[in-house]
Each structure stands twice: as structure tokens, then as C-alpha cells.
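Next, two complexes with chain A in common: one pairs it with chain B, the other with chain C.
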Partner chain A sequence: MRRYSSVSCHPVIYLVLFLISVFAFQTSDLQSKDCELPKRYTETITSKSGDKISFDMVLIPGGTFEMGSPRDEPGRKDDEGPRHKVHVAPFYLCTTETTLELFLAYYQETMSTKKEFFSAEQDKKEVEQSKGDVDAITGPTPVYGDLTMGYGKKHPAMGMTWHNAMIFCKWLSQKTGRKYRLPTEAEWEYACRAGTTNVFGFGKDPKQIVGFAWYEDNSDGETNEVAKKKPNIWGLYDMFGNVREWVYDFYSPEAYQNAANKSPAINPRGPTSGKVHVARGGDYSSSIEELRCAARAFEEEWWRSGDPQIPKSKWWLPEMDFIGFRMARFVEPQETHSGK
Partner chain B sequence: MNASQNTTRRKFLKSTAALAGGALASKLTTGEVTYAGGSDIIRVGMIGCGGRNTGAAAQALTADPGTRLVAMCDIFMDRVKSKRRILKEQKKDQVTVDDDHCFAGFDGYKHVIESSDVVVIANAAKFHPLHSMTAIKAGKHVFVEKPHGIDPAGLKLLQQAAEMAKQKGLCLVSGLHSRYHTGYAETVQRIQDGAIGDVVAIEENFLRGPYGVIERKAGLTELQWQCSTQYHFRWLSGDDVPQSLVHNLDRSSWAMGNKAPAKCHGMGGRSSMTEPIYGDVFDHHSVVYEFANGVRIYAFCRTTNGCHNDSSSIVLGSKGKSSILGCRIWGETDWRWEGRCDPYQREHDVLFKAIRSGKPVNNGDYMVRSTMITVMGQISCYTGKEVTWDQINKSDFYYPPKPEDCRDDMEPPVKAGPDGSYPVPKPGFTNMI
Partner chain C sequence: MSEITRKSTSRREFLKNTGRIAVTSAVMAGIVPRIYAAENNTIKLVLIGCGGRGTGAASDALSVKNGPMKLVALADVFESRLARSYKSLKGRHSKQVDVPKDRQFIGFDGYKKAMDCLDKGDVAIFATPPAFRWVHFTYAIKKGLNVFMEKPVTVDGPTSRRMFKLAEESKEKNLKVGVGLMSRHSRALEELAKRVHDGEIGDLILQRGYRMGGRACTTGPKPDNMSELLYEIQRFHSFIWASGGMYSDFYIHIIDHLGWMKNAWPVKAQTLGGRHYRGDSVDQNFDHYAVEYTYADGTKFDFDGRAMTGCNGIYSSYLHGTKGMAIASKNGDCGMPSRTYKGQNPEKSNLLWESKVKPEERNPYQNEWNDLVDAIRNDKPYNETERGVQASLVTSLGRMAAHTGQEITYDDILNCDHEMAPGLDKLTMDSPAPLQAGPDGKYPVPQPGKLKDREY
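Up next is the complex of A and B:
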């Protein structure tokens, strides 16, 4: 019941906020671009089965920050350095991790029941398709087992590969007419820090984390519904713990070394190639150290161990309930002019 | 230490492969048994070249550095060749299959068995008993995937194969991976030790989307078409109670102290998977099993889009309950297993360790029992009749043709009607046993 009451009141509130901010933009000074944009908006999609599903996007103001951790930060690892200046343009970020409800809507609409058979032929076809038009999104193959892993609609979606998360964003973009994507690693850390310079983005006392995060000490070994803890200063929930979040970048332990050569690095997108991608923020079983704003993690080989087949699924990390994502979106050039 | 190595997880899964491989490497020269004419190399052959057996072969090659993949077969040569290429990319030095040891067609398995010391079998479940028996007769070790057969006649043959393996000191390892999951094993042990009191009932769910379908390519004969999409044909796969619920019912039977139920009644049918491309299988089943002591298992499986999904094994006790897949107990004392385990890799780690040490492992007991429990339930769903454990064990029913009678040029046993759809069982009218 609580879920329904909260769903029914949110869109109204945010619609009002959205209209106010649009109105505010139209009468405001065009020079401070961040301020002209809606501070947040609610996106609502209708699933194939007719359900309305909403999520909130919040404007992350552009700015420059120190990415990575200082040498003396407790729990620091080498790949978090050197600390370097990064400039990030304004963008929108979802206030929550992508929910199962939304991910299931995508799965139902795009699932491909075609299975691998003559694999070489199939591979060729998929490559051609991915080059081709976006109208024909070929979504995930059926998951072996239960995609929800027993979790409810408002829990974060999980167990998808990075590729699957990317195709989800493509689907959502097509569905809404706005270009959704994964945040870059720099955007993610910038949003997590929310303008602060301390270890966790909320203050110096690590004990406060209990109020913000589901992690090893309070999660009971499972994910929890999104947005049940306090948001950070910029209104983002569960940036610490619950599920790890895929970001756009390939992982490299030397990524910061390279980024530090340009100061500041402007909207960096990580290494141009690599084998695995970065997943930020720690999960429900993480220690406090893994929840630090600067802590990095990436896909490891054992994440595939729930998949006994070869070739491994391009879409699923079966049984891996600790990996999810949240959507970001560029501020489109026309938005800063028209206040769309 | 890496970010996620020091964490604990709800369900899994730490590969012991590297560890086991290292330990075994040092034993290579001291093994009691030698292979392939006195060398320490163990020759592995693949019977079936689908995704799962390719995974199993990779796990075998990972488990023991002295293994070599030497022969492969499948109904289709394309699959043999493409999987050889993929495996070679991953295990370059251990994949030594030459063109002369790539076999296609129903009889390919005979040649693979001849060339190997160990065979890994994952193909249409109809053939699992015959291929296991043939390998064991020839003195070869066997890993075979679930389900371990689809009918009573096949499972009787597998029972004989398991006994023969014991006499000959050969390994027979089952792909019922729950038994190799250390978290499930500890949970079941606690149930058996009374952590939730007496078991009152068990709920088993495997509700999910359909098995993948493939387009029917031009040029395939009807027989090739059916073999290429074998999960959708009963005479090859045995349908979804054996295919999916075998894992669930294996856990139930295990939690009940490795016992079989006395009887069952089931129901099933087709609701949405009705097009010809879905063959002649049902898309939903429910089976109620009853043990001699009155305990019941309520078991459900479904392969349908857009419906509730669930994969669970819930054991209800007089003093609590347990989720075996969650590795959890809620009782007088709540408990949760914390750790990681890759049961698929463990199956092979155990198998090759047993081969090297000369102490054979034989899973015949539960592999036959658990599969027979599913066959009994499936047949009850088709016939609409109650089926007892005695009845199913006395039956000689098999889905024709017998596996040994399958020929590459034969007509398939089921054919589509004028509208392209295949006949399906009619509960209340269909007789099988």
C-alpha cells in the first residue's frame, strides 16, 4: 500500500516542480545556464502491459572537482590515484538505481527468444543489427532462471551485463525521445561527492553512513528497495551500497595516470578500449571502505560463474544480485535555449 | 586485496579452480592411474556441442592441467567446429581435437568414447542413459548433465550403468549442481539436523521465460529441425518437469533424506506457447508429490513470457522454514550461509581429483532417483492420472524410437498436422504407463 501512495503523489509534486522550473527558466537570465534548466523532472513511461512507471532525474550542475583519493585516505587503493582535476558539464542523473519494475518493462518489450544456434552466423547478424537502425532493438535473450531473483518491483534491477544496461538505455531513449545513457566514471564520482571534498560526501564521520547506505552491517545480505535511505546533498539515493552501478568507462588501473596528463580533464570517458567495465558505489555486502566516493571496482571473472555455458551470455550475470546501474542524460543543446 | 574478494555474498560462488589446478599439477607424476598409454594426460571427449557442454568441457580442462580435449560430436558438424574454435581460443594448449576426431550424427558418440578416457555428456536428454552406459561399458569415466533420462526405460539403463561403474571403479558424476554447491549442502544438512523442526511441506518453483526458439532454416529436414530445437520436442527432451524441475525436486528429495515420494498427481498444458515453433511440449505444469509420511511437495514450472517469475526451493518445517537457494534458515536460530561457490566448476574439480586419486565418485543413486521423480510427475501431467513410485519403477515405457535405434536418415517420431502444429498429450485420454 505504501508503495502505491508514494507513487501516486510523486508525479504530481514533480510535475509542479517541473512547471515551476520551466517557468523560472523562461523568465531568467540566459547566462547562468545551469539555473535555467529544470532542476529535476519526472519521466513516466507506459509498459507493454499498460503500467505507468516513473523515475526522477535531477540536474547535476557542471563543475570542476578533484577525482580520486589523497594518498592518506584510509582504505585507498592505488588505482584511485593520482588525484586529478576533472571538469564535468551539467547533466541529468536518475535519483535512484534503475528499478526492477522498469527493467522488466524493457525485458518484456525487447526480449529476443532467438537462441544461439549456429553461433558464427548469429554473431555476424548481431553485429549487423547493432550497426543498424535503432527501431529494431534486439533485447536480451531469456534469462536462465528468474530475472528478479525473488526481489520486488522497487528493488534495483540487477544481474545484467554492461552490454545489457547499454541496450536498456537505448530502449529507454527510443521510448521517451530523450537520450538516456550510463554516466561516465567521472560524472558518477562527481555526483557522489556532490560538491564536497570529504571521503563520503556527507561528512567526516564514517558512522553516519548507516543513514545513507545498505552495506554489510545493515543489509541482511540482500538488496533493499531503492530510496529507503537518505539521499546525498544533490538528492541522489543509494550512491553508497545496495547495488554496484555500471558506468560507461572501461576499467584500467592506469586510467587516472592518463587523465592527469590533461589538467583539468574535460568530460573524460575513460580508456578507449579494455576488457571489463567499471562498477561504482559498492553493494549491500560492501565494507565501509568500498563505499568511499573514490573507491573503484570493475567486473571480475567470477561474476560470470553463475553462467555454466560457453559462450557466456552477452546479457546476463546469473545470480549476481549485487550489480545494477542508474541512468544519466546529456543536457541537449536545445534544452538550454528552449527550456524543454 | 581486491574490492570484492573480501566480501561475502548471499549465494555464491568462489571458483576453487585455480587452487585445485595447482594442487593437482603437483600430483601429476604420482597419480596411481596412468592414462593414454602410460602418460599422465587424461583424454576428454565431448558428446554434444551446445552451450552447456562447451562450458562443461572448459570446466574439465580448467579442473586439471593434464587434460586434453581430443574428440567432439554433435548432431550438427557446424556446432562441433564452432565450439572447437571457441574452446581453442580459451584453452589453446589443451584443445587438440583434429578434424578426424570431429563427428556428426547420432552415432558420433561411439567414436568419441573410443578416443577418450573421460566423456562429458550434455545433449538431448533422451540419449544420456545410452551414452553413459556405452562409455562405462568401454571403461571410461563419465560426467553427464541433467536430466539423466526422460523415461523409465532409460533410467533403468542408467541404474545399470551406475552399478557397472561401481564394479569397474569408474567415476559417474552428475550435473545436478545443487549437490556440489557448498551453501546448499550446508543448508540441507541443517534441515536434516532439525534446524526447522520436522519438514511439513516443500514448495518448489521454476517459473521463467520460454526456452529459446530458432527460426526454421531452409534446407533442414524435419528430423534436423526437431534436433536443432530439442527442448521443444518431448521425444528428445522429456519436457519441462525433467528439464527444469529436476533441480528443484533433487533438492526436495535431498532435504527429505534422499527419499522418493510414494505418489504424485500433476496437471499441465499449453497456454501461450502454442505456435508450431514451440513443438509439442507443455508450457506450464504443477505436480503435488506425497511421501509415505504424508509430507507433500508442491512443485510448479512454467516457461511463459510476461508472467511472474520465480526460482525457489522453500522448505516449511514445524519450527521454522528454509530457502535452500537463499542458503537461509529461519527458525529458533536464524542462519545464513555466507560464501561463494561455483558448483559447476566443483563438479569437475571433484571428478578429476577422484580420477587422479583412484577413488571413484559415483552419483548414480540420486541421479536416478531425482530424475525418476520428475519423469513420474511429467507422466502424471500428460495422463491426468495419479502415478505411484511403484508404478513408474515397474514401467518399461519409453518415448520411441529407442535411442540406439535413432538413425540420421529416419523419419522423426512426431509429425506436424496439416496446420503445422504438433499433436500434444490430452490429459484424461493419453495413456503412457
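Up next is the complex of A and C:
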């Protein structure tokens, strides 16, 4: 009997504990103990060649917002609806798009040299490497052509696949001891809106965009160095234009319909499967409409048109200089409780 | 336009193009008109050379939308490559890939067996290293097959002379031949060429091209369990006889499309180059080249190539005219958009034109197949061989100038009698490799100024 009762009790206890923890977590979200967290911090890494490279992370307070666009928003597309409530927990987001400088450090440290020597040689090398470093990351294959595409080190990194961006985050996490990742589509839009409810996050007058964005009217058809325009209210540069930014989610035109069934959707991560991923924010060649906070885009077939091989590269989108990403980071439990 | 309407339109065009009378009489006679391949309108394909690029080309071929296409055979000298290629293609185009084990051919005679699976009017894809083009093309012409061949198509003078001759024969037989110089099928560059030829930026007085990126085309020593011949074929970028080396393989696209813009081929070149950081690699390439090509009218075309990790990277092409300038490839071999500007500064305020290409036409590798198959189905003149040989030869010319340290003219390279790999049509798995390593395991490298009439 004793045994029976203990077995039957456990699930209930677990359920209660779980509910308490969920509640506590949500309360801390909603009432925002964010004040205990550093509002921003600077991360500095040292590259293999000894260069110090820094980037700034800013705390995005948790909250609830309306994701998607209203039916009457000019330039709206169907996949931006229905507009629905989403709750996002606090997280850190990089103030800039990932720079070439930082991405080059990753490339140089992790590039797989398979193309240079025979695979047998390579395997041997990998075994040797993994002896010294259990978690050695096998990074991209050598890029076809040139990774910088002629751009300078403060320009955004570009032309990487979503997978490559994900492995970059893994590498950066290992290097810094903090868990970097891509933002979810909801986090991205939330950060872009920065607590506002209008079309662009800075106001309704599209003319103001010139102050915030590199896009078709002012870009000279190229990316520009990051953080050369005004940041949004939360200190984020180039959320509009310059390069599109990979986010975590798979793309589906029905994603919002599904999310709208739960109101609010809590920290949604998009469809569980799919073929291509979402890339937000428009790029240097985008029209104003593509820069709206709600505008969605995804990897299109022609993004692979510079890659004539099969299998297609897992790592690169040759010639595509309009697609990059920015890093996000979870607020880790010990930070929420003790500050940092 | 709805999907259905579009289909019926193309069906209508199809009837129009084949000719109503022919169709009527064929229907009356109870047979399908035999305007191309086989009993029905399916075009059969074989892939010879199953690496990543060949597999990509076959996939593009199977993606052409204007009628049924089917892959029926594969050939390679490496079993593993063939197996990988088969798996990828089967995965992507399951219903169009009909290549049972007995049509998967391994060995140096695989090309014949593969082409024997085709009928007149079908298409053979050549994606082996370029050295083998003339061997395979000779057989395709004999069999009356249409061909898609990857670039470059030759690597030296003697094989270029042979290929020019084959180009004539294939034209006489009305074969349709595509060459994988896909810039020619970039819709952006097509419009740029028209604008430049119409004088939008005046007379061209200078052209520039760059391919400067990380370390490339190196190779480690031959593994013990592999023959020298197969090793050189597998590492073809490292060996000049097989591929023309890094210079030919990497630079030909920009050289080709700038020649197109100029509407001429360079007549001579002088080139600087060297092997600065080759380290333990046993390949034959230099790691940097700077070539100055000269056209018959005296104007110059400068091309810089470098394969050094950590150096400034540029990969693009430019035209300068008496009235303005143009960016041909913004980034890559033919990266869009192309632009024209007034004056010599590519600033927004000087912009005259920027290419706008519909998403479905942005992939030049798909365009080149759509264009080739359209020509086959509708019997339009289509033979890119001669132009492909010219582009390959002009590329080899610049390379030879670097490797010999001499000024080389078009006629010099064309008439050069150094055939780097004679007898490729007679190779077997046991043949000696066309290039032999020295006692130190390294292969002969060019010696500019010492060897003046051959590259090694």
C-alpha cells in the first residue's frame, strides 16, 4: 500500500510544483524583475590571430505584444495575419547585426579543411583535435570565392546559410560560456516594435525611415557598416534594412493562424518542421514596405542560384550579400535570481 | 495566369512550333512525330562525370519545365561519386531518374556505355575534368547526340584545335550543344551586353576582373591506396593537364563575359604570378596571378587572381567606357545586379541602369538548361562549342603567359604543340598518369623565364 500511495502521489506533487514554477516564471516575466539584470553588457572575444572583437548585448524586457499587421496596413501580405497576442520572456539581443570581423574569427577557427586534403587525412586530424578539445566544432567548408565579398570588417557578415548561422552561435557560446542563439521570429518582431504599436516602430511617417535604415533609396546597392544609422528606442541598430536577419523559426504562411489559437502565445518558436527559415527586417535593396516591423520574408529558391552543385552547400549562399543575422541570448536562471 | 492556362498555352505553342501539318499527318499515320529523341517527347539524359557540379547540372536538366526529361545512365571512374550522385538525384527527382545498376558505369570506357543508352537527339552531359571533353565529344558526334558540356572545354593548344574541328562537325550535324559558361544566360548580363553594345557607356577602353579569395586548389600527397592516375583526376584543380589548374577553372567566367561585353577576344597577354604560400601542397598552381590582356584595338583588360587566406577579397568585374562605366558581376562569376553609370564613379547619383530580373529567371544555371532544351525541342540553332573553345583558349593564354613569363599571343597558344595529356581516348584504369611526381613526391611546377615554350 505504501508503495502504491507514494507512486500515486508523485505525479500530483510534480504537477503542483510545475504549475508553481510556471506561475513564478511568468510573474517574474510580467512584473519584470528585469531591473535586477544588467541593461546591457559588452562581450569581448579574442580571435585565433589575437584580435579583440567586441559586441554589445542589450536586455529586451519581457512583455506581451500584438504580432503581425492589421488588415488595413499598406503593403501588408496575408502571411502577416491574423494579428495575435504573443508573450515574450526577457532576453538579450545584440545591438548590431553580426559583423564580418566576428564571423571571420569564427570561420578561421572552425573552417573544415576537407577540401584541401584527403578525407582520411582529415579524419585523422579531427580525431587528434577532438582529443584536445572534446567539443571541437566542425565549421564551414571553405567558401566559394570570398567570404567578405569585398566588404570591410564592420559590415555585416552575409551569405551564410541558416545552418551556418546556428553553428556560429554554438561556437560563440562555447567560446564565451554564454548561450548565444538566433532570436525567434516573435522575439525579433517584438524587439523591432520596441514597445510601440505603429508600422515602423518609430512612428507612422515613412519618411523618417531614412534616419534608421539602409534601404533601396539610400544604400547605393550595398550593405553599410553596422550602427551608422539611429538605433530604435531599445538601442538596436539596423533592424530595418542593411541585411536581412535569419531568425530561429521555420517559415510557414499559416504560422500566425496556429499561434493565434493560443492567446497569448507564450515564447512561440514557429512550426516544428519546414523547408526554409524566416529572415526578417529587409535589406539594403528593400522597398519601404518590406521594412515594416510586421513584414515577413523567407529563404527563396533563387537564394541558391550562385551554388551550381548538388548537394547544395550546407554553409554558403554564394553571391547573396543581403542575408545575415544578429545574436540573441536567453536570460539564464541564475541571472534572473541574483542579478549579475 | 493560372497554372492550367499556362500549360495549355505552352501546349498550343508546342503544336504551332512543330507544325500543324506534321502533327495532323502523324496522327493520321498513327504515330507520334519524331522531331527529337525517342518514340515520345521524352528527352533522355546521361551524366558522364558525377561530381557535385555534374550532379547539379543533371538536376537543372531534370528541372526544365517544357516537356518530359529522364536520366537513364551515369558514368564515372569513382564508384563512390557515382553512388552519391545517384542518391542525390533519386532523392530530388525520383520519378525522372531511371538508372538501374546495369546503367551505372564505372571506368574509362563508361562514357561510351552511357551514351549507348541514348538515341539520336537525346542529351549527354559532360562534367568530368575538361581534359576529357574532346574524347567524349567525338563519340557524341558520331552518335548524333546533343550535348551539355561543363567549362572549360580545353586546356591547351592541340586539344583546342581538335575541339574547333569537332565544333564544325557538330554544327554540320545540327547538334545542339550547350557549354557551361552560364554568364551567357544571366538575364542581367544579357541586357548589359545589349546596352554596352548599343553604346550606353561609350567605347570600352578598359576592363577589370577579380577573383581574390582564400587558399584554394591545393592538395596533399597521393594516398598509398590510390593510383596516380585516379589521384590526379580526383584532384583535378591541382593538375594543369586535367583542368587547366586554378587559373582556368576559376577565372574563365569573368574572362568569358568580359570578352562578350567587348565583342572580341584578347589577342595577347602578359601575366605576373608566383607561389608564395604553397607550403606542403604538391599541386602545380601559382597562388596569385595578375594578367594584362590586350585586344586587337589596343585596349586592355586586367584580371587579378589570388588565393591567400586573410588577404583583401574581391570577386567581381567592371567595364570602363568613354562615357561611363559598368559593373558586370557585382559579386561572384555573374552576381546580380549589373549596373551602368555615367562617368567613372559607381555612385548612386551617376546610376543609369540597374538590372531587374524576375525571381524565376535569376538562376543562370537553370536558364542555360531551359535555353538548351527549348532549342532542342523547337529545332533552333544552338551550338556554343566554338565560343566555349575560344573562351577556354583565351583563358589558357593568360595562364601560359604567367607560367612561362613570356608574352603569349592567341596564335602562340593555338599553335603550341605541347599536348599535356596525349592519348586520353585510350586510358584504362592501369594506364600511367599523364603527370609523374618527382622523387620528393612533388609534381613539376612552372618555371617562368626558364621554361619558355611550355608550362612545365
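Keep in mind that, in the parts below, the second predicted complex is superposed on the first by the 288 of 340 C-alpha atoms of A that agree within 3 Å, B and C clash if a C-alpha of one lies under 4 Å from a C-alpha of the other, contacts with A are read in each partner's own complex, and residues count from 1 in each chain.
Rule of thumb we're sticking to: a residue touches a chain if its C-beta (ideal position, glycine included) is under 8 Å from a C-beta of that chain, and two chains touch if they have at least 3 such contacts.
Owing to the predicted nature of the structure, the values given are computational and were not obtained by experimental measurement.
**Q** Specify the outcome, clash or fit, for chain B and chain C once both structures are aligned onto chain A.
**A** On the superposed model, which is not a single observed complex, chain B and chain C clash.
**Q** Identify the partner contact of A:322: answer first if only chain B is touched, second if only chain C is, both if each is, neither if none is.
**A** first
**Q** What is the contact status of A:306 with respect to chain B (first) and chain C (second): first, second, both, or neither?
**A** both
**Q** Determine, for the superposed model, which of the two partners chain B and chain C contacts more residues of chain A.
**A** Greater contact footprint in residues on chain A: B.
**Q** For A:296, decide between first (touching chain B), second (touching chain C), both and neither.
**A** first
**Q** Report for A:287: first if it touches chain B alone, second if chain C alone, otherwise both or neither.
**A** A:287 contacts chain B only, not chain C.
**Q** Applying the document's definition of touch, where does A:143 land relative to chain B and chain C: first, second, both, or neither?
**A** So A:143 meets both chain B and chain C here.
**Q** Looking at chain A, which of its residues have contacts with both chain B and chain C?
**A** In chain A, residues 108, 116-118, 120, 142-143, 145-150, 221, 300-302, 305-311, 319, 321 are touched by chain B and also by chain C.
**Q** Please output the residues of chain A touching chain C within their complex, sorted ascending.
**A** Per the touch definition, chain A meets chain C at residues 108, 116-118, 120-121, 142-143, 145-150, 220-221, 300-302, 304-311, 318-319, 321.
**Q** What residues on chain A touch chain B, complex-wise?
**A** These residues of chain A touch chain B: 48-49, 77, 108, 111, 113-120, 141-150, 216, 221-222, 282-283, 285-287, 290, 295-297, 300-302, 305-311, 319-322.
**Q** Considering the complex alone, what residue numbers of chain C touch chain A?
**A** Residues 52-53, 55-60, 85, 88-89, 92, 182, 211-216, 218-220, 223, 281, 309-310, 312-316, 330-333, 335-337, 339, 347-348, 354, 359-360, 362-366 of chain C touch chain A in their complex.
**Q** Which stretch or stretches of chain B touch chain A in the complex?
**A** These residues of chain B touch chain A: 2-4, 6-15, 51-52, 54-59, 76, 78-79, 82-83, 86-87, 90, 177, 206-215, 228, 305-306, 309-312, 326, 336, 338, 340, 342, 344-345.
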